[in-house]
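Let me give you the structure first, and then I'll get to my questions.
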Amino acid sequence: MTKNNWGRWGDDDERGALNLLTPEVVKAAASSITTGKVYSLGIPIQSHGVPLMDYRGTPMRLTLQDSTDDGIYEMYGCHTGTGAHEDVLVMASHTTSHMDALVHVYGEYKHYNGVGHDAMHALGGAQKLGIDKVGGFAARAVLLDMVSFFDEGEWVTLGRNITGNDLASAAEKQGVEVRAGDVVLVRTGYLQFWWDNLAKGGQQPFEQAGIGADAAHWLADTDVVAVGCDNAAVEVIPFDDNDFLNIHKILLVNAGIYLLEFINLLEPAQDQAYEGIITVAPLKVTGATGSPINPIFIA
Amino acid sequence: MTKNNWGRWGDDDERGALNLLTPEVVKAAASSITTGKVYSLGIPIQSHGVPLMDYRGTPMRLTLQDSTDDGIYEMYGCHTGTGAHEDVLVMASHTTSHMDALVHVYGEYKHYNGVGHDAMHALGGAQKLGIDKVGGFAARAVLLDMVSFFDEGEWVTLGRNITGNDLASAAEKQGVEVRAGDVVLVRTGYLQFWWDNLAKGGQQPFEQAGIGADAAHWLADTDVVAVGCDNAAVEVIPFDDNDFLNIHKILLVNAGIYLLEFINLLEPAQDQAYEGIITVAPLKVTGATGSPINPIFIA
Amino acid sequence: MTKNNWGRWGDDDERGALNLLTPEVVKAAASSITTGKVYSLGIPIQSHGVPLMDYRGTPMRLTLQDSTDDGIYEMYGCHTGTGAHEDVLVMASHTTSHMDALVHVYGEYKHYNGVGHDAMHALGGAQKLGIDKVGGFAARAVLLDMVSFFDEGEWVTLGRNITGNDLASAAEKQGVEVRAGDVVLVRTGYLQFWWDNLAKGGQQPFEQAGIGADAAHWLADTDVVAVGCDNAAVEVIPFDDNDFLNIHKILLVNAGIYLLEFINLLEPAQDQAYEGIITVAPLKVTGATGSPINPIFIA
Amino acid sequence: MTKNNWGRWGDDDERGALNLLTPEVVKAAASSITTGKVYSLGIPIQSHGVPLMDYRGTPMRLTLQDSTDDGIYEMYGCHTGTGAHEDVLVMASHTTSHMDALVHVYGEYKHYNGVGHDAMHALGGAQKLGIDKVGGFAARAVLLDMVSFFDEGEWVTLGRNITGNDLASAAEKQGVEVRAGDVVLVRTGYLQFWWDNLAKGGQQPFEQAGIGADAAHWLADTDVVAVGCDNAAVEVIPFDDNDFLNIHKILLVNAGIYLLEFINLLEPAQDQAYEGIITVAPLKVTGATGSPINPIFIA
């Protein structure tokens, strides 16, 4: 029932569905570029005004060097008035817009490809399936604007379980096809809700619209490479079947399909830019469980 | 003499040469894709074995959550054996492969477009020209393999000042054209030298091959968008004319042309993949002076 | 009018009122020990449940090494079952219970002893008056329990401006004398209010009881070494005379008297332990503006 | 043979030998103060010039707020020229001078009092025996200057295994008595070696003088509370009996006796200040495995 890709690309494989992205597939994807308009899909990384999880701490940009250090390069022949500003970043690897490594989630104590959950070491980092195994990728991307599809307002009702049929119908309505090797971008409008709610001073709710198990199976059967969404976890919350991280287990663990979270899809949706090429470039942090990202979508 | 782009895109402009990247230019760039092979140009972010500057501190990946926390999600209906690994990153924004924001360097107390060097605040961050103004971009990229051009071994001699004529001749030899709106990737082999030297236990020298003022003027006159290099600062060290950050001032400050540093160009050079499209996606850290990056080059 | 200690201990002095603590003074202070009961006056450093300032970010304890790293010391002859746990701390130097260095606050662009406010460099740290100049100290300590004195409930009314006469009267009532060379601990009950309010889910108010200019002058005239308080800034908020950091300027800047903030005084107050010796041991971070502390009070 | 204090202070005890420090013991310790001279025993926390372990990363003091932020408090009625400097600290809890919590080391998968090594959680921190259980303490302190005792130069020969008889003989020679409830400070001169070696540009060796199993048993039998030393780990390296963390297991794990490392004992040794009171005030970081400290010794 559940698509399982363990062993499909070898018993030692650590890249999962990214194996689908052969040069031929990428070259074909390039033909999806029609306007050349570039969208930067990351949301800001800052200490306030963006959705953050308390336990991940405050993302901080701390100044390393500024104009108060003027003169420190004089010994290197630095002219008066010349200098540099620098900073240091402290942030969770799953801060705001981010990509999960295959080592992020496990079910029945196993990650993708049967790797044990003890592959993650505190000091040593991920011994397998870390974000460094991704490198970076380019693929055809299809944006499914579920806000427009359901037409319930500026965002999909919180808690709605989006099904495979919903996705297929939205694709059909938009006139785009979802293919093997694609990155599917599912817009729920959650970020727009979140900012609207913030402006109103509301408590941020636990619920979010997202895909359920049915949609996850549909995506896995289609052989997509990654699923990006504008919510916190791609999946509907409360979790489908009340199974914590249900969709992470279907996609990330069983199918080796990557998840991209808190991806802002408003601008391409407004342009009805439903097809193009996407590049995703996680920081190559050795042994990390994920990385903040800023995907580039070229329509 | 020196190309100066202050005011060219408006007195309030904060994006510099990125203004050249209209959708038409990007769409045209897509036609440079010939093989579909994808190169991830970032080098690893880790505490050892990569070039780091002492004053920037050790990049750290610290585990936020691992299997020792098993059971914390039970209250949310989490099945036994299901869990997640996470980490926190601490690193300079100019760690390993990175992009300088326009607010990074100033000369005569001015940044690009005449912005005063006091635009950088310790707590407040960059008030103007921060990395968040970049968003992310896609452009045609041309790789100039100066290692192959000079043919002096596995890297260009440390300290060699690469000229505009050198770049033009290399392009001609490779059969590629450098155009307005391009990202020019200059390979000096410095990273290969660095790793070779590390393996031999050598002291890492101060010198590096890089472009000098002549090449910087040539690039600025050509109206390129960014210059990427496999060394620490794009520019030759010792600095051309003994002027500290000379090339940063010609390109970043005067021309609004971005610099990408510690970009690994070995793999595309080995493939003689000299032309393609590049996407650069800095983290959208509000007010930051730069960002680690992992550029994606599609040949 | 305002006590000014600039120059009193030399034009190059960087320790201020700590100069009062000669060995003779400390030896005499030891005779204030009567019961031998030890109080640790710091409050916990953790991400929740303690008063934190948003702009200082979340204090984080991040695990560096845990049991998932088992086996890494085998090469050093480590027996099976032997290992170590470690962590990394990220926190503001003014997190929870802390001590201000003399370089912390400036007025009219000057710190204590006329040091310019440009003595603080972003990369270089404090060129003068940093916390590293303190070393650590021991002194006689007198606790003035203003909660008991005002007898208004479990805490002094928020926003109350405690005067010099209030302090003198409380000392008299308690039967203790405040002397030159003392650390004066002023209990307002603010922490008890804060925790009570947290438990009730209340918004934490801006106001706090604390000392005003009158009390600050009284303390400076008495030649105390430091003032510790259980609130955020020692001083009453709203600031006395609506002058931001008014009391910091009277004590820290003009008199070189140190401030200890968020110091928990409940336990000694409950024991009516009003006199003893205190040791204050800031971390010796070179160039820092302050340090978290955990003062030890021996009654 | 090996002193074992598990259960001695109750099966749920988390403070170990600190239980010996009753108010009576502390009051008696106060009588050891003879000169009133105060010594701050911590070494600087900075990125260079002090012994650091690579895997713990660079300790960083990062500026949070400086004069470039001038004007941000105007909205609160701040006068022109008034402002504050602040910073953020990033450092391992075992950086330079530090104290180990009882949760730091385990043997046969057990910590002090039989607590399992799984008591340490990555996100949750120490569930038991964390540094927060210490609070802070005061005790009589005896300094044993082994450099003077062995009289081999400015430091004890690297790798020398200091025995119980050595400690007892040194105490006798110095005319001091080591008692139950004491903190014993063992000076090996290692820090002086380290700085001397740094100045000479030498590679820092693995070896250090320190106490061996014999001395550890002698200290445990004497019922001391803590052992402080000027080396990296209190214990001799190479480890006695080639047993990794041998002395940590005898003292910390079996006897619940605390270890204080990289404690600078030069100044009191020069003064022949062999007896006094010491206060140790770890930061009260909830769930941490240790803390940087700056012990205060009053002779």
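So that you can tell them apart, the chains are marked A, B, C and D in the order they are listed, and the count of residues begins at 1 in each.
By our rule, contacts are C-beta pairs under 8 Å (C-beta built on N, C-alpha and C of every residue); 3 or more make two chains touch, one makes a residue touch a chain.
Please read all numbers here as calculations on a predicted model, not as lab measurements.
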| item | value |
| --- | --- |
| Chains in simultaneous contact with subunit B and subunit C | A, D |
| Cα-superposition angle relating the copies subunit B and subunit A, to nearest 5° | 180 |
| Subunit A and subunit B: spacing of chain centres that average the CA atoms, whole Å | 23 |
| Subunit B-subunit D separation of Cα centroids, rounded to whole Å | 44 |
| Residue numbers of subunit C (touch at least two other chains) | 55, 57, 60, 63-68, 86, 88, 90, 118, 120-123 |
| Arrangement of touching chains [line / ring / star / complete / other] | complete |
| List of subunit B residues in touch with subunit C within their complex | 55, 60, 62-64, 66-68, 88, 90, 122-123 |
| Residue numbers on subunit B that touch subunit A, as the complex places them | 21-30, 33-38, 40, 42-46, 55-57, 59, 61, 63-68, 73, 76-79, 81-94, 97, 103-110, 117-118, 120-123, 125-126, 132, 135-138, 239, 242-245, 248-249, 277, 279, 281-290, 292-296, 298 |
| Interfacial residue positions of subunit B with respect to subunit D in the complex | 47-48, 54-55, 57-58, 60, 63-66, 68-69, 72, 86, 90, 118, 120-124 |
